[in-house]
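Below you'll find a set of structures to go through.
Each of the next two complexes has subunit A plus one other chain: subunit B in the first, subunit C in the second.
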Partner chain A sequence: MIRFEPRGPVAVSKVISVTVAAAVAALVLAAVPMLFAGLSVFEAYGLMIKGAFGSAFAFTEMLTRATPLILTGLAAAVAFRAKLWNIGAEGQLYAGALAAVAVGTGLISGPSFVLIPAVVLAGALAGGLVMLGPTLLKTRLGVDEVVTTLLLNFVILLFVQMMLEGPMKDPMGMGWPQSEPILDEAALPKLMDRMRIHWGLIIALISALGVYFLLKRTVWGFEIRAVGENASAARHAGIPVTATFIRVGLLSGALAGLAGVGEVAGLKGYLTADLSPGFGYSGIVVAMLAGLSPIGVVFAALFIASIFVGADSMSRATGVSNYLADLIVAMALLCVLVSGLFLKFKIRFVGAPHAKEASK
Partner chain B sequence: MIEILDILVSENFWAASLRIATPLIFGVIGALICERAGVLNLGIEGIFTAGAMAGWMAVWLGAGLWGGVLVAALAGGLFGLLHAILTVPLGLSQHVSGIGVTLFATSLSYFIYRTALPDVSSPPRIEAFQPLDIPILSDLPFIGPALFQQTSLTFLALILVLATGYVLYRTPLGLAIQAVGDNPSAVESQGLSVYGLRMGAVVVGSSIMALGGAFLTMSAFDAFFFGMVNGRGWICIALTVFASWRPGKALIGALLFGAFDAFQVRLQTEVGSFIPGQVFLMMPYILSIIALIVVARKADYPRALLVPYFRGQR
Partner chain C sequence: MAPPANDALVLLRLEGITKRFGALTANGDVSLDLRQGEILALLGENGAGKTTLMIILFGHYVADEGQVLVLGPGGALEELEPGSPHAALDAGIGMVHQHFTLAENLSAFDNILLGTEPLSAIKSARLPARKKLDELMARSGLVVNLDTRISNLSVGEKQRVEILKALYRDARGLVLDEPTAVLTPQESKTLFATLTKLAGDGLGIIFISHKLAEVMASSHRVAVLRGGRKVADLPTEGSSQRQLAELMVGYEITETVREPGTPGAPLFVLTGVAAGHGRDAISDVSLDLRAGEILGIAGVSGNGQTTLARVVSGLETVSAGKLMLEGDELGQVSARQMIDIGLARIPEDRHHDGIVGAMTVSENLAIEGIRKPENQRFGMLRFSAMRERAKGLIKAYDIRCQSEASPARLLSGGNIQKIVLARTLETEPKVVLAAQPSRGLDVGATSDVHKRLLAARARGAGVILISEDLDELMRLSDRIAVIHRGHLSQAEPTEDLDRGKLGLRMAGHDGEEAA
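Here is the complex of A and B:
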């Protein structure tokens, strides 16, 4: 029989090694669908590694893909820390992108040092406001935020489609439902010539440091952690639980909104309804792989991004569906969830009842 | 006003309401069984997708329509078993495990479909369930078309509502399932297995959810499309709360929802030129959120919902 014995605090090195083991386990399990699709497993992994790290271009593509994942990962991590289950990063990302486009396509004009901050702030604000609704419904009326945030993803995507086919449609877009291009002064600059990597990555890294500092060194951060560990105990201790949920909701939504800003103002230049291939949902996997640590999010996002970019490239070379990437990412989430048991408990295989007595 | 009345008295409208409600009835009944036993199953969206794909593919490979239904239920049960193992004996977060199962079931279904059919431009079709068209009954005015021109799967959904109500309230098994969602340690002290009851409920509930997906590919449509589930699973989770975890109310909730959806589609043809189509498409999701808000204050959640149970520990 298997017995779980609770374990105290665990060393960071142990957390990292268990998580890396979970990620490796997901990659090993990926061999099953690869074989099913008739791939030679080692060749497929080789193509994936080459696709994500094989050249300077591949590497910068991987970093470009990691940029929104860092931000949606932070959005999930900070919310889950307070046990606020924000599953709506996908919708908040689109809200941020929509606001960035609304401000950045001629609503205001001016030099870059005015327009770029305006676009970034608008996106963050829009994402935060979208999350404010479910947060208030939770704190005021006790409506479960999981379902409301999930349902809002669909509402917001339809709203974006409506805007792109209506008031925000680009008249020069040859009839395609897309927004006008963002003004040059409002676009996030590229980090390197001839590469797609852009300043969104710097925003994402600064956000990670900011969230790390917030959680570790500030009163608000302490309150977030306390509410997440035990909301009713926190309330007894005089921590403003409702205010903390609202702050966390605004921050989480704003981070997801920033992911939308980066995609639209740094990468694509205009908004379409297929801006995000599920960055909001992948952000949950990133946050869980990171153990909800803001610095861990950066590394987890790099891992997930290399799976996506690597699998895209492998898919182009072999013709095997790149849904394989989504499958590996989903398996990574399940593996890391199970691996958490090794951190929370000592797992003992107990043969006979008397072994129980002996261990007492 | 006259147009609205015309819609409400047309038999087509009521037939469409029941048709739209059918996958939701499967979904809400499945979710309700899981939650009554204390396990939130957010794998529902992915289980719908898996049921839709597996059922369709079985028929496409020649298993016959009822073979397809069986395969869909089996696929749902397997993903349910995964969620059950992760959340019941291992006691892991039901939220995260559910999202994980949804991502896993969805991507696996898409991957298998794409791998089996690498380059099809239009999705291949199957011979789907046809309306039963029961003699005499389906010729009854009004009731006939609304009720007796549905496919067999709609009747299966209605039977499952009755069966679930009977099992839940009239059998020892049902009482044990209710108890395990409210007070698992009391169940353990009766000598019953908390793990067994919870895992069983999640597996059975997930199989029923998958039938909702199968209805989409085998009755509502005759092919599988990416993204065809489109949030129906999440809507079922909201409707389960709205139905206060009761099979009868689940049926009423799903029918109300179906009626509203059928109504707005017809309204769209009347006023569609003034209002963008997306506004109508948003309505099911907004309506689900409103349904949650309406019942929020009095929602009587199973008391041990989301709480993992460990043996010998209170």
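Here is the complex of A and C:
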């Protein structure tokens, strides 16, 4: 028989090593379907590693993919810390991208040092405002934010499609539903020549450090943690619970909006309705893998990005579907969630005691 | 009380039970016998290992050393399979946990049958079960409406369902973990009458408690645990409350005494206050608290004292009436403002409203003043200042914890209450609201709470003490008012009151002497 006994606090180093072990376990588990697909496991993983780390191009592609994941991961992590369940990062990402395009395609003109901040701020603001609605509905009327944020994703995506078919359609776009291209002065600069990696990564890393600092070192962060861990004790102790939720909602939405800015102003250059392959939802996985730690989010995003980029490359070489990447990510999430159980509880195997005595 | 005859069979035996959690020894070599027809009180402070011992007996934990023996069908003691609640149930041991294990959305009847019906049975044996339960209820006096949903039952009724559940499974031994913690004095009395009756029919009963009065009144034998070890095992007859208390805490106890004081000017005044909805609403509540006095508010739980406490804490909107502090009308105030104008609040449910369990002791000590300059500068937390102050408070208030950086949830109830006391009283507040401040605390922690409240009074603060414990109220309060169905009676000097008078008023009889 197996029994669970609660553990006391666990050292950070232990948390990290258990999480890494869980990720490795996920890779081992994912080898089983690979075998069924007739692949050599070592060769397949070799190809994946090469695809994500094998060359400067591969490595920068991986970092480019990780950029929006870091931001949506932070959006989920900071909201979940306050137990504000923002499932709407996908919609906030599109809202951010839409605002960036609206501002960056000729609404205002000027040099880069004016336009780039304007585009970034517009995107963050739009994401934050989209999250403000569900937050206010939660604090004022007690409406479940899981439902409102999730459904808003579809509303916003349809709105983006409408704008791209109508007022914001590129007249030079040969009839494709896409926006006008972002002005060169408004685009986020590339980090390296001939590579796609762009300044969005720097924004993401600064955001991660910023969120870490906010949660750990500031009064607002203290209040976010207190509200998330025990809202009624926080209220009793005089912490402004409603204001804290609103701050967290704005911040979470703004981070997701920044992810949209990066994709549109750093990578694609114009907005289409298939800008994001679900970065908003993957952000939730990133945040959970990271145990809601902002620094952990960076590493979790790198892990997931390398799986996706590596699996794409492997799939091209072997002809096996890159759905394998989804499988590995799902396995990793399951393994990490299960490993959380090991961190919270001591697991003891209690065999039939008589049998044990007999063997003595 | 007459104990069972000495030749009564031993029903249950714990032999040399030892259980360690890391460095902590929760139980050290504890041995205990329970005879048929005997009521055994397991007495000890919080954290003395009472619950752990009983959980081992019931099979939720496995002891590191030692064994549990039960009276087998052959009349000899047999070892009980460790770590199996199932085996314990089969052997006829029933347990009533402090926090009930009932499915709220099912009827009492369904809850009792839950887990006794085999999955494969084609037709359930409900009719015979019903008959058996009716007989049980008639015999034991534990009457419940079996068709009512658990969520609609009172706490006392839920407890009766739990006991019936055990009896239905033919329990020979019954363990109750702090059975009176959630009951009104009247309900407790009924419970012990029932237990005595059941023991008369041969049931062996162990109840866990740290309330000396009920142990003295209702047990045949007392086993005292301290620091995980059994320090005494003696017949109740011939022992005294004081003796048991000292065995329990391990040192001589000094009673807290209220020195006569001279109350000052009216400090905190409520006039015609109404708030809340439904059962716990209050209406037309007026009180005047003076500086340097303790004003007790007595009442059976659920008569509006929670709402009153929430109003004074700044958590509840007032629909009528006004609050005044030192002659200034307060208007609608938030919790933040109440703290800022010098009102200390000790919440009724300290785990739920008092601390953030996942945060550290130091953070919990700073939480009410987190925006004050001593804790932050330009929105940045001042960690070292917080830590230093926490260290000082931990020492001054004797908060037992590994360090100021341990999560507060790891502390015992008494130490959690000390955190709340330390952070609310260190600012020398003008008014202290203490809601059920010693509920669930052991002797040592309770006396500590009392000393702190008396010290605040001596300093000139006004203290509102809401409690269900009449002894506590009589001992500490200068004046006592009674709350019943949301109405607060006129406060009267404690000297003019006695338990009988208060009891009548708590039950809803008005001030006039019932002849």
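Keep this in mind: the second predicted complex is superposed on the first by the 349 of 360 C-alpha atoms of A that agree within 3 Å, B and C clash if a C-alpha of one lies under 4 Å from a C-alpha of the other, contacts with A are read in each partner's own complex, and residues count from 1 in each chain.
One rule holds for everything that comes next: contacts are C-beta pairs under 8 Å (C-beta built on N, C-alpha and C of every residue); 3 or more make two chains touch, one makes a residue touch a chain.
Just so it is clear, the structure is predicted and the values come from calculations on it, not from any experiment.
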Using the superposition on subunit A, tell me whether subunit B and subunit C clash or fit. clash
Please indicate which partner A:L74 is in contact with in the superposed arrangement: first for subunit B, second for subunit C, both, or neither. neither
With the two structures laid over each other on chain A, which partner does A:T148 touch: subunit B (first), subunit C (second), both, or neither? first
Go through the superposed model and pick first if A:Y281 touches only subunit B, second if only subunit C, both, or neither. first
Applying the touch criterion given at the start, work out whether A:V298 contacts subunit B, subunit C, both or neither, answering first, second, both or neither. neither
Does subunit B (first) or subunit C (second) touch A:Q161, or do both, or does neither? first
In the overlaid three-chain picture, which partner chain does A:R217 touch, first (subunit B) or second (subunit C), both, or neither? second
Between subunit B (first) and subunit C (second), which does A:A95 come into contact with in this model arrangement: first, second, both, or neither? neither
Tell me which stretch of subunit B runs into subunit C once the two are superposed: 40-48, 130-138 or 184-192. 184-192
Show which residues of subunit C lie in contact with subunit A when the two form their complex. 21-22, 61-62, 81-84, 313-315, 334-336, 338-339, 345, 347, 352-359, 363, 367-368, 370-371, 375-376, 379-381, 406-407, 410
Show which residues of subunit A lie in contact with subunit B when the two form their complex. 4, 33, 36-37, 85, 87, 137, 141-144, 146-148, 150-155, 158-159, 161-162, 165-166, 281, 284-285, 288, 319-321, 323-324, 326-327, 329-331, 333-334, 337-338, 340-341
Which residues of subunit A touch subunit C in their complex? 1, 3, 5, 8-9, 217-223, 225-226, 229-230, 232-240, 348, 350, 353
Interface with subunit A, subunit B side, in the complex: residues 42, 82, 86, 90, 92-93, 95-97, 99-101, 103-104, 106-108, 110-112, 114-115, 118, 230-231, 234-235, 237-238, 241, 276, 278-279, 281-282, 285-286, 288-289, 292-293, 296-297, 299, 310
